[in-house]
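Have a look at these structures, which come just after this line.
Both complexes below contain subunit A, partnered by subunit B and then by subunit C.
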Partner chain A sequence: MSQRLKLTKWLVVLVVLHCIVVGAGFFAPYNPVEQDREHPYLPPMRVHLMDAQNHFHLRPFFHPLRLRTGSFDQYEEDTTSAVPLRFFTRGAAYRLLGLVPSRLHLFGSTDARIYLLGSDAYGRDQLSRILYGGQVSLLAGLLGAGVTLFLGALIGMAAGYFGGWRDELLMRVAELFLALPWLYLLFALRAFLPLAVSPIQAFLLVVAVIGMVGWARPARLVRGVVLSVKERDFVRAARGFGGSDIYLLRRHILPETASVLLTQAVILVPQFVLAEMTLSFLGLGVPEPMSSWGNLLASLQQYSVLVSYWWMYLPALAIVPFFLGYLGLASALQQRTSPYKIEEQSGWNPS
Partner chain B sequence: MRYFLRRTLHAVFLLFGVSLLTFLFSALTPGNYFDEMRLNPQISPETIAALRAQYQLDRPLPIRYAHWLNAVAHGELGFSFAYNSPVAPLLWVRARNTLLLTVTATLFAWLLALPLGVWSAARFGQAPDRVVSWTTATLLVIPDLVLALGLLILAVRTGWFPTGGLVSVGYEEFSPLHKLRDLALHMALPVLALVLAALPMLVRHVRASVAEVFDAPFLRAALGHGIPHRKLLYGYALRAAANPLVSLFGFSLGTLLSGSLLVEVVMSWPGLGPLLLESILARDLYVVIGGVLLSMVFLVAGNLFADVLLYWTDPRIRTAASTK
Partner chain C sequence: MRKLRSSSQRCRFSVSLLLACVSTFAPPAKCLPQPQQANAKEELLTLPGEIGRSGGRLVISLRSEPKTLNPLIAADTPSREVIGAMQADLVHINRATQLTEPALAKSWKISADGLQYTLTLRQGLRFSDGHPLDADDVLFTYRVYLDENVHATQRDLLIVGGKPITVRKIDPQTLVFQFAKPYGVEERLFDGWAILPRHLLEKPYQEGKLGQLWTPSTPPNEWAGLGPFRLKEFVAGQKLVLERNPYYWKTDANGNRLPYLDELIFLFVPSADAQVLRFQSGETDIITRLSADNFSVLSRQQRNFTMADAGPGLEYNFLFFNLNSLGEKSSADFTRKQKWFRDVRFRQAISAAVDRDAIVRLVYQGRGAALWGPVTPGNRRWVNSSIPHPSRSLEHARALLKDAGFSWSSASNGELTLLDPDGKPVEFSILTSSSNADRTKMAALLQDDLKQLGMHVQVVPLEFRSLIDRVTQTKEYDACILGLASFDADPNSDLNVWLSSGGTHLWNPSQSHPSTPWEAEIDRLMEQQLATPGYGQRKKLYDRVQEILAENQPMIFLASPDILVGAKNSIGNIHPAVLEPYVLWNVEQLYLRNGAENAAR
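For the complex of A and B:
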């Protein structure tokens, strides 16, 4: 496959994935915090096309679950009633992108609640929680990468452009950050920030912590680019015409670092989404009732959940397609910029 | 000798920097362990003030840092408020368990990655190479958290492996062989998770760096001289490709330490990970600093080991070091 085609393919994959998460309100059948105390830990429901008499139905349907007789936590399908699945139905109100109010959902049902991926301890729909949780996790990853790249570009340009003792000092500190195992660094940073905060504050804290961890690698790469660019003729000419340092950096040097920054962004985002997941999983990140891919997994730390309710593991798999998309895009980008250095740069840990 | 001296100096500088950094972070801390004590009406403010004075939390940061450095020089790492005991013995037990896990995982990961990578590079672009590439790519997109949890669920549902802990109940009474078997069974799952998480990156790097030297004239000459294929691969190609791999060893150690932190918490392995998490939640300052620093010591030690290895395998380093 040609390189351009590869690039386009992965871009399309990523755009589709992100659209699904951004449009969580539409794709999710329910409000993620809406509880159904009557139905805790329902297993995922099956959608049928064939009924018990082996008749084919064009409209998919499902059987509501009922407790198996003589059991208090085992469910079975109640085949006496069949609930049709309705598409483009009206359900819980939500705001698309936080702006456009709507009640339209991709699917739903009027008679009984459908849990395609099961329900959690409070009877909340797992599918809805995963989709909405993706918004939190991805936003944390994207914002974190933004903070990191901003810091990295700033520090890298300062070090490369001014040189001398500033360069020496900044690069020594960068080495320090590169050497530390990133999870320890994340822990150390998080350890010294407040624990009891509101969900929004916690989210911002997570973004800040994640963003401050990974600046060293982009900074070093940017520094390398700046070192070579600042001696190029067009920069020297601009300086000769009396361009100030700030002007030169902004107008002539920053654009040259764009491809390095872009590649770094694509590498960093999935790592930072994972970092958010890790922090939230350990209870140091985004708290309930907000859902994120990390805190959806937190219940797996209880042994009983781990043994009995395997579908609580499903949120973990949500990140896999995103990882695939970002890694594919990163390697396509790197092939375009430097065809021989793929393996060197695609080591995906930030330390 | 100069070479090692320089590397050691670098390592000491690194440790010093990390300790300074963690202390700086700790100065930004809003609230500490005693804040929660303050909420307890049974403890008088005077007691808390006395405790703070005892642990010198009321002193300014530079003085605290100097005191702490002095204590470290005497082999003490401060005091754990939550456990009411010195930090050092607390950390040592946990660190031993973490080391057991990471060293085993490092060993297995490299023992697997080297032959796989070389084999894959030797058949560059052919079917075996593609299989290896696809497998590593698949493993690469499964993050360690997802992998560890998945393995744990597998273990719980099949009952093949014990889940959690270091040894079974009644370990003390087991026979030596039984003890070993018990420990190995408990270690199997966390080690597997760590190895699988580290493997794809290692295999890819080994493959890339061996493939790079493959076209070198000296290898083609050696092939022309009729040197056996196996010897060519492992004796010549791998050795020439060793330089980037040995540097990678240091990096892989960092990844494994991070991964181990997470895997330990997921699989309730009594290592540094759970302790660190606990002490973060309890604001047990010196345990956190000690834990981070200790992991740094492991990392630095591993990197020094890598330097020695490099010196030993690569004659170019030796000549560069001696001419300087």
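For the complex of A and C:
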């Protein structure tokens, strides 16, 4: 029971987080590529409920920022004007899920722009960029994991089921892939591809590159499962009744690999999100002005940004709940399928 | 930051010189207190300015190890910077006033026809190893520079009117330089030609080994120069140590022989950020070539150092389009793009749509100047201030595009797309150097500016070498953002950029015939100013060149960064200039204040 509860808990966390990212258009107050050239590197604004006279206001408000006198890059709150925060306002146009056109935003303001997480070098809203960037990074991670698992399952099953020289060949290639330093492999692959590509192409390239590299580990796991399953009695029986290879693989062997594949998927997704971030961080991912968690962090390569604008680190924090969610889910899944399962459920503890 | 230099042969070294505008000479008869055994007669140069205190050392970081200490073949910035502190020239350009001043030559005369220059050397000067200097060293120096087999990087500059200049010796102190044609730059020509020691180099020259000579690891006794400092020690990958040249030929107003400092140490610190950290921690005393971001980081926490903004330098950044005639190599797609790029109205529209103020504000944090022509406001003598500075106008840009036959279509999501006269969408890519954060930022701003005209621009950051290869060799690009920085304020330093036959004529380099009438006119004007003596006449011709460039926009000029430097408060006589080497130009006058003054601060 507690296993199931844990699993559900992590699943709910992940679903909520993903919904926020999928609904970035609604949750983000602004268009992520819109530049506000008067306000570069604006620090995060504070939302107030109490005013200077300690009066409580039901509607939250914020003070716009202005340059501190005599300074080029230091801002302070302009307490002379209080701008109310409005909820469910109409703002920049977006398409929910890329389909439903809408202008509705969770919050915003009509009189001044609000930067809850500050702005970047071009005055773009950091919160909006993190939310939209999540779409790119997470989708790249999910699709990349999908490609990898598909390849891994296919190759693993082929190697395990057919055996012989095919097994030898495929597993040696897999070992080669495992031994390769994957980051440099990613670089090499990306370097072969054309330079000027549209954002969509660049994204698909990143997904393909990530997906192609990681298949070796799931392939080996699947092969191991297939090797043991194909000797089991029900498989032999099915073969005895004249089941073809394809039938046996599909009907009897593939379902047995499901738990391995599922656990792998949950482990691979955050890994691949990180891979996408690495590529983007180094300028090989989706091009500007599109954002992804990696290229949001890219500006931290400059010393001046590193020491001056702490809110540029925030995209790095954004990945923490996602990673916790995925890893929590992975451990819950693992517990469910691990050999200790029976003992724990029966309340018997060997130690 | 990497920069494309205006031309490879323009590798000038710079020798530190006078602080103020006027130089005065020590009367020959006056006996000066000398650290070494007194010579019969030494005509030293007396510099005005703050009197310093002898002793101490200065530590400066260099971006990389100097490739060579040989002024003949030095082309990279670190080599030039180091050689500048070790060598001297006949006539020198004062980096602060941008005017010429006597150096090794105490005076010069130009004949009425402008073909003969008579230079008189100072008497009693010695190389850093104590060997005396005379006219034969100068003769030898120019023979070597002009020798084709030596492959001196600056050799082209000594070919005037298709013929190399000739040098004759009249007596041990007097030389005559003969030109085939009058030469517009006049005595500025002599700046940057290090006078070489014949007694050390003649033998290797005859053996044809001159090119391999004087690497940084040369033993100090095989090296000699006329600059304020001489070679002491080189530690590969770490540092180069220079020591005071006891025979240096300048004194301060009190007659103390310069330089004040005992040692000058160059540390090799490969990244700009690491240089900032070293400066912050006090390991280095001076920092130059700062980016605006790092400058403001340092300004915010300045304690025992002072940051200075010397104003716009000579670097100009610009966007240019691929206007090469590619012939059969060109794809149909690219030919269509070139049709837009070649239309002057298209280029003018882009220029009108560029938000230059935003570039200055966001890229240079206000520490820079917007540009509408190639000559920056920092180049006071040559800038054509009558070039119009139109403010950003999208309406004007749209009117120009409409006039050129472009039209707009709007997609369902309200996004505008610019269509060319054939109804195809206008899309192109802009290359930038991935190692240059400033230009990458400019590209991102341009991308957004042009989106408002309905142009879909992709920014492609490329490694610098492959970018240059694409621009100058394979010519596979649409548009590119680059910056050029001249080493001298004189228009001749950009000859290679404006002449249609020049290798740095970036938008269409090395043409055999100018492909447009305005390029032909620029060629004619540049050739003409080359042969016109006198600043006034040349200025008029160069003003016209700037006008033509501003009108035809082969390059869309964007902005010029300020020269930003920092130095410890304990260093005296710091007067940053906008010409290279921004701080070290008066290195012989830099000194360390004594302890009491330090404590008082």
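Keep this in mind: the second predicted complex is superposed on the first by the 337 of 351 C-alpha atoms of A that agree within 3 Å, B and C clash if a C-alpha of one lies under 4 Å from a C-alpha of the other, contacts with A are read in each partner's own complex, and residues count from 1 in each chain.
Here, contacts are C-beta pairs under 8 Å (C-beta built on N, C-alpha and C of every residue); 3 or more make two chains touch, one makes a residue touch a chain.
Quick caveat, the model's predicted, so the values are computed rather than measured.
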(request) Going by the touch definition up top, name the partner, subunit B or subunit C, that contacts more of subunit A. (result) B
(request) Could you look at A:D167 and tell me whether it touches subunit B, subunit C, both or neither (first, second, both, neither)? (result) neither
(request) Report for A:E256: first if it touches subunit B alone, second if subunit C alone, otherwise both or neither. (result) neither
(message) With both complexes superposed on chain A, which partner does A:L324 reach: first (subunit B), second (subunit C), both or neither?
(response) first
(request) Kindly classify A:G283 by the partners it touches after superposition: subunit B alone (first), subunit C alone (second), both, or neither? (result) both
(request) Check the residue A:D78 against both partner chains and state whether it touches subunit B (first), subunit C (second), both, or neither. (result) neither
(request) Answer with first, second, both or neither: which of subunit B and subunit C does A:V307 touch in the superposed model? (result) both
(request) Tell me which partner A:P40 touches in the superposition: subunit B (first), subunit C (second), both or neither. (result) second
(message) So in the superposed three-chain picture, is A:W182 touching just subunit B, just subunit C, both, or none of them (first/second/both/neither)?
(response) first
(request) Once the structures are superposed on A, label A:A316 by its partner contacts, choosing first (subunit B), second (subunit C), both or neither. (result) first
(message) Considering only the contact definition stated at the top, list the common interface residues of subunit A for subunit B and subunit C.
(response) 195, 283, 303, 307
(request) Would you mind writing out the residues of subunit B in touch with subunit A in their complex? (result) 14, 17-18, 21-22, 25-26, 28-31, 137, 140-143, 145-146, 149-150, 152-153, 156-157, 163-164, 201, 204-205, 207-209, 251, 254-255, 257-259, 261-262, 265-266, 276-277, 279-281, 283, 288-289, 291-292, 295-296, 299
(message) With touch defined as at the start, can you tell me which subunit A residues reach subunit B in the complex?
(response) 172-173, 175-176, 179-184, 187-195, 274, 277-278, 281-284, 297, 300-301, 303, 306-307, 310, 313, 316-317, 319-320, 323-324, 327, 342-344, 346-349, 351
(request) State the interface residues of subunit C toward subunit A in the complex, per the touch definition above. (result) 272-273, 276-277, 291, 293-294, 296-297, 300, 355, 358, 361-362, 365-366, 413-414, 429, 434, 437, 441, 444-445, 447-448, 458-462, 478
(request) Would you tell me which residues of subunit A are touching subunit C in their complex? (result) 33, 35, 37, 40, 72-73, 93, 95, 101, 121-123, 195-198, 283, 287-289, 302-305, 307-308
